[in-house]
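Next come two complexes, and both contain chain A; in the first it sits with chain B, in the second with chain C.
Now for the complex of A and B:
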């Protein structure tokens, strides 16, 4: 008899989506995430192992295939990958670093459309104009009452990462803001 | 909203990303065992609470996560400067002069 217990991870937001004229808020599917901390001397070795150059300039990110490396702090990065787990690439690395698999701690929401920046600005006080927050810019910041990691993947597409327990709040916040911004734009 | 310059992110960020973390430049004695009770309490509990310009620690907790130091006027709430942790105290008289000159120019 097969006594093994089969467990399946569930996404906190399932397939939730909200759309209004000029903006849509969509929960993203499962993805892999790694919280990475490493000293300046070993950045090159880890960049090689991960196949993406860890950015060293504040508020920037680097991409390679399905992977995004986001600068969070002077020795801290968040690696997001929609297909392969980045932690697998760190297994055979022989440098002092802290890489933690946080795939299921976070969930992601995508905000897209011409009104996307305005919708995020409803709860995030950072300047999201293209001059100050260009494509590829990323930052840990605040949305309403919670901490998020924000990354601008295209001019009108934002990737919003938040802790899974906060995700219903973040989704409701963004969809309410989307409803308002869309109605204001239509006036 | 108050904007605070983070020396690690090298730009001004909204105050809600930051947390205040007490007085700066308080040095822990290398001879803790030799401290008297009075000396220890002075180090551990007592703060200057200056009215005017103070040096304090701040943390960019919802940003890069780093602690840094700031010179701030507690009356006007104006940040005179911010600098990385471990860097020496900036020359206050020069800072105030710079602020005055900047004000005179604008």
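Now for the complex of A and C:
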């Protein structure tokens, strides 16, 4: 039997997408993710290994090529990379840290358009004004009844991460809100 | 619908702000009536000269429209759009007419004009305050059959809808610098000032148009234009600013902690054909840095005999109907007042051609200018007079007038009375914010006193009466709020010029002359709950002293209108009866919601598919395809069993269990909780969390672990794999995943913060396929690379990393069935493909997929516990027969001291044992109680209960596990399980029913 054939990843949301006037909700492709935990003393070493400066200000992220490092806590980051698995860059790191591959644990949905922030605010209690949640801001928060990680990648584009089994709920919530807000905006 | 009736007898040409170019039709109790766009149901009914709109709650007295706003206590109607969209108890004064609206009166039978329930008015002495506490006491037996059905039938006014609500409800979280509640002069002025100074502002008003009192007060000129036009212009100016959100038809209903305010926006209730995508209502949850309360004030009614007759309404409401809706409340309108505002209403009506036979003013010396103007307009003014009673029944027809100090009565025919007892500041939101009100004795009113939150009241809700003072106060509040939130913004001052506003003088709280103590009349304080002045006095007479008790005894202020009109009157009457000053008796606390809100808005999106997240494993669709039946386990859908060819559950489970023991079975174990524990101190940490020793667990080895709480009782269990020196793969029960992670994190942060170890949930990173049975190795071997699967290289309770079907795997040799078995962990996105590949091989080998039910049976055959089923939070590892899993040499772990408590080491504790049914066929009921002697008298002494029980196809007999007092010492003893129809005899045995030696694990 040919065991060399790599099976294709089947994503929980496949290629689901919803569009309404002023907002789109689109499931994103198969990305790579790493949950990274490390103490303050070793942040520099890991920044170097990962090729991205791990942000140390709460609710901020840093980018480098296809990689985003999101601050989730004083010793916790979520590293997302659309092309390369960040866990590979941690293999030879010689500091006490925890890098855990969670590429398949989460899935991502992109919410974009002029109504994007309002659509997310249908279920997320954070202040998403550009003043308080500017481009690059990120946060582990809630949407409706589930936990999400939210990152603003552009003024009107948000990257929403959630655990795979919650993704149908998150997609349904966002597309329902998108439909309503689009109708509300058209009044 | 019938052809439109074009004549609206009370619509006054040239008055009001609605356009005759926008006609509409609606029905009231089946009759089609004309209306204009912008009408409320109330204004349209009055335009059609209809005042009788409902029957009162208790006495079924005919009732009419009292107000023009949210304070309306009487005009509650059923509003229907279609069969599925019927809403009871909608205030006619708030509901806007849309084309095709159907309105129905309530609480009457057979019809509004002839109502059987009216008998209650005649027998009213039986129905005085607190009647339900007294009347329905005896005989006890009548309660179930007579009293309760009667009360239930009488309770509530409208009819609850029977159909599922088809509408959408939306929700929105929003943050702002300044939230302004109310869009009258004060709110708009504050909003303009705050917005011009750069603040993020939200301003909301419950009405479709901004302006508040400017809807009726046409004497006001602001910035050179009439007040209402100024309000529309101010609103447009605000709406055009990027930093301002303007919300109309939006009621602030609840003021919660830390300036968290709930608003309800009525989005589509005024539209005749709203888009299906448009929510009916939207709930706004606003967090504001500063709240400006500009909620205005509410005019009070006069408490006199028969003051509830249809056609009697508040003076300024009558003015609203005239000046905004272009509708006169009658043709011949009497005026009864203690306040100047009724004069303005009378003048406007008179100037519109309505006959005003008299203004009855209880004051001896009202404002001379007003009296003079009345006289100039030809209106008779009776100062120092009161209305002793209103005549008429379905519609007021006369007022009986007499001097306040006694004297002859004069009956004046009228078809409407407008009244004013003065104004009550709307301190509802302030009070909800936990602010304390202060009593303003000079004007007999409560105003905001001590603030509890970051908010400020402006305008008439703050007791400010003068128009210029209101504007100045509001501008100052707006500017200060903006500066407070954004101290570095340079200040911009605004000025608003206003003229013509009158600070109306005069107030009356409590009963008016003619309704004093001793007078047997129905002078209503609370219209909606049928509370009269007499009822309040009766409550005091019966010993109630606190206003909170008086309120509950009489139900004054407890109706859906929340006492907006009645609270002050009730308080004054109680204070008088008690002989106390008003502030001593106190004001009842205002609570949310300010006005009724729908359940739909509160539920918002959380219904249907979004009620709760439904969690599915990566293999779910493949399991559906092979016919799995699913069960709910928490939020998860788990494959329960896989029936084939018409099998019932029993047959399917028997086959699955048999096939797995004799051949091979596969099972989706993906929902197991998984935690990756990483760091140099990982082993040390797990050694403290689990009762088992972990320091010496070798890399590539597995260990079954138990974790206790501090009290020594089992909290969760699972298998732990050591992936590397500093990395463990921990599994938990499906339901335990979040709480185990929380508990571990809690200990890590509070008890062991010195440890270098981190926890990451990987529950959903890995799909888990258990392949179990004598042929399990043969099945998976062809697909596995990089792992030696032989019993020597990979014995029971060990693991290795390699690939399966070309994808990376953590392959664990372990078993929850007692058979040789493997749990294959693959990254979740590959789970379905690997499952499909293995299933094909399993099927080709005549194996099967098995579900959670068979999993339960297979593990019970081996006596493996399920935490939460065979434990109940009071079971120690020893009680569960798991003493071997507690490290005897360990000096510390969570629960070590708890386990030494005297009652946990005492003999006679309930211990987990097996049970055999003596008859060889009776399957016990889980949860059934166990006794020693079935012939003892009831209540029997119960010595334990059945925790797990199944038919075992493999053992060919029923098997059960039970927690029984001193169970370990009862081996072989006969006990009894009394059931409803029989007593089942059982024998205590070891909780192992298949392969007692455990040899099958090691094949």
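We take it that the second predicted complex is superposed on the first by the 179 of 187 C-alpha atoms of A that agree within 3 Å, B and C clash if a C-alpha of one lies under 4 Å from a C-alpha of the other, contacts with A are read in each partner's own complex, and residues count from 1 in each chain.
In the analysis below, a contact is a pair of C-beta atoms (placed from the backbone, for glycine too) under 8 Å apart; a residue touches a chain by one contact, two chains touch by 3 or more.
Note that the coordinates shown come from a computational prediction; the quantities given were computed from them, not determined experimentally.
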First, second, both or neither for A:180, with chain B first and chain C second: second
Chain B versus chain C as contact partner of A:59, first or second or both or neither: first
Touched partner set for A:125, first chain B, second chain C, both or neither: both
Chain B versus chain C as contact partner of A:142, first or second or both or neither: first
Greater residue coverage of chain A in the superposed arrangement, chain B or chain C: C
Touching partner for A:40 - first (chain B), second (chain C), both, neither: neither
Contacts of A:72 with chain B and chain C, given as first, second, both or neither: first
Touched partner set for A:10, first chain B, second chain C, both or neither: second
Overlap of chain C and chain B interfaces on chain A (superposed complexes): 125-126
Chain A to chain C touching residues, read off their complex: 1, 3-12, 30, 35, 37, 39, 75, 96-106, 118, 121-127, 129, 132, 144-146, 163-166, 168-169, 172-173, 176-177, 179-184, 187
Chain B - residues contacting chain A, complex: 1, 8-11, 13-14, 16-17, 62-66
Complex interface listing, chain C residues touching chain A: 168, 170-175, 200, 267, 275, 277-279, 282, 285, 287, 605-606, 609-610, 612-618, 636, 676, 678-680, 756-758, 760-766, 782-783, 785, 803, 805-807, 827-830, 832-834
Touch list for chain A against partner chain B, complex: 58-59, 72-74, 76, 125-126, 139-142, 147
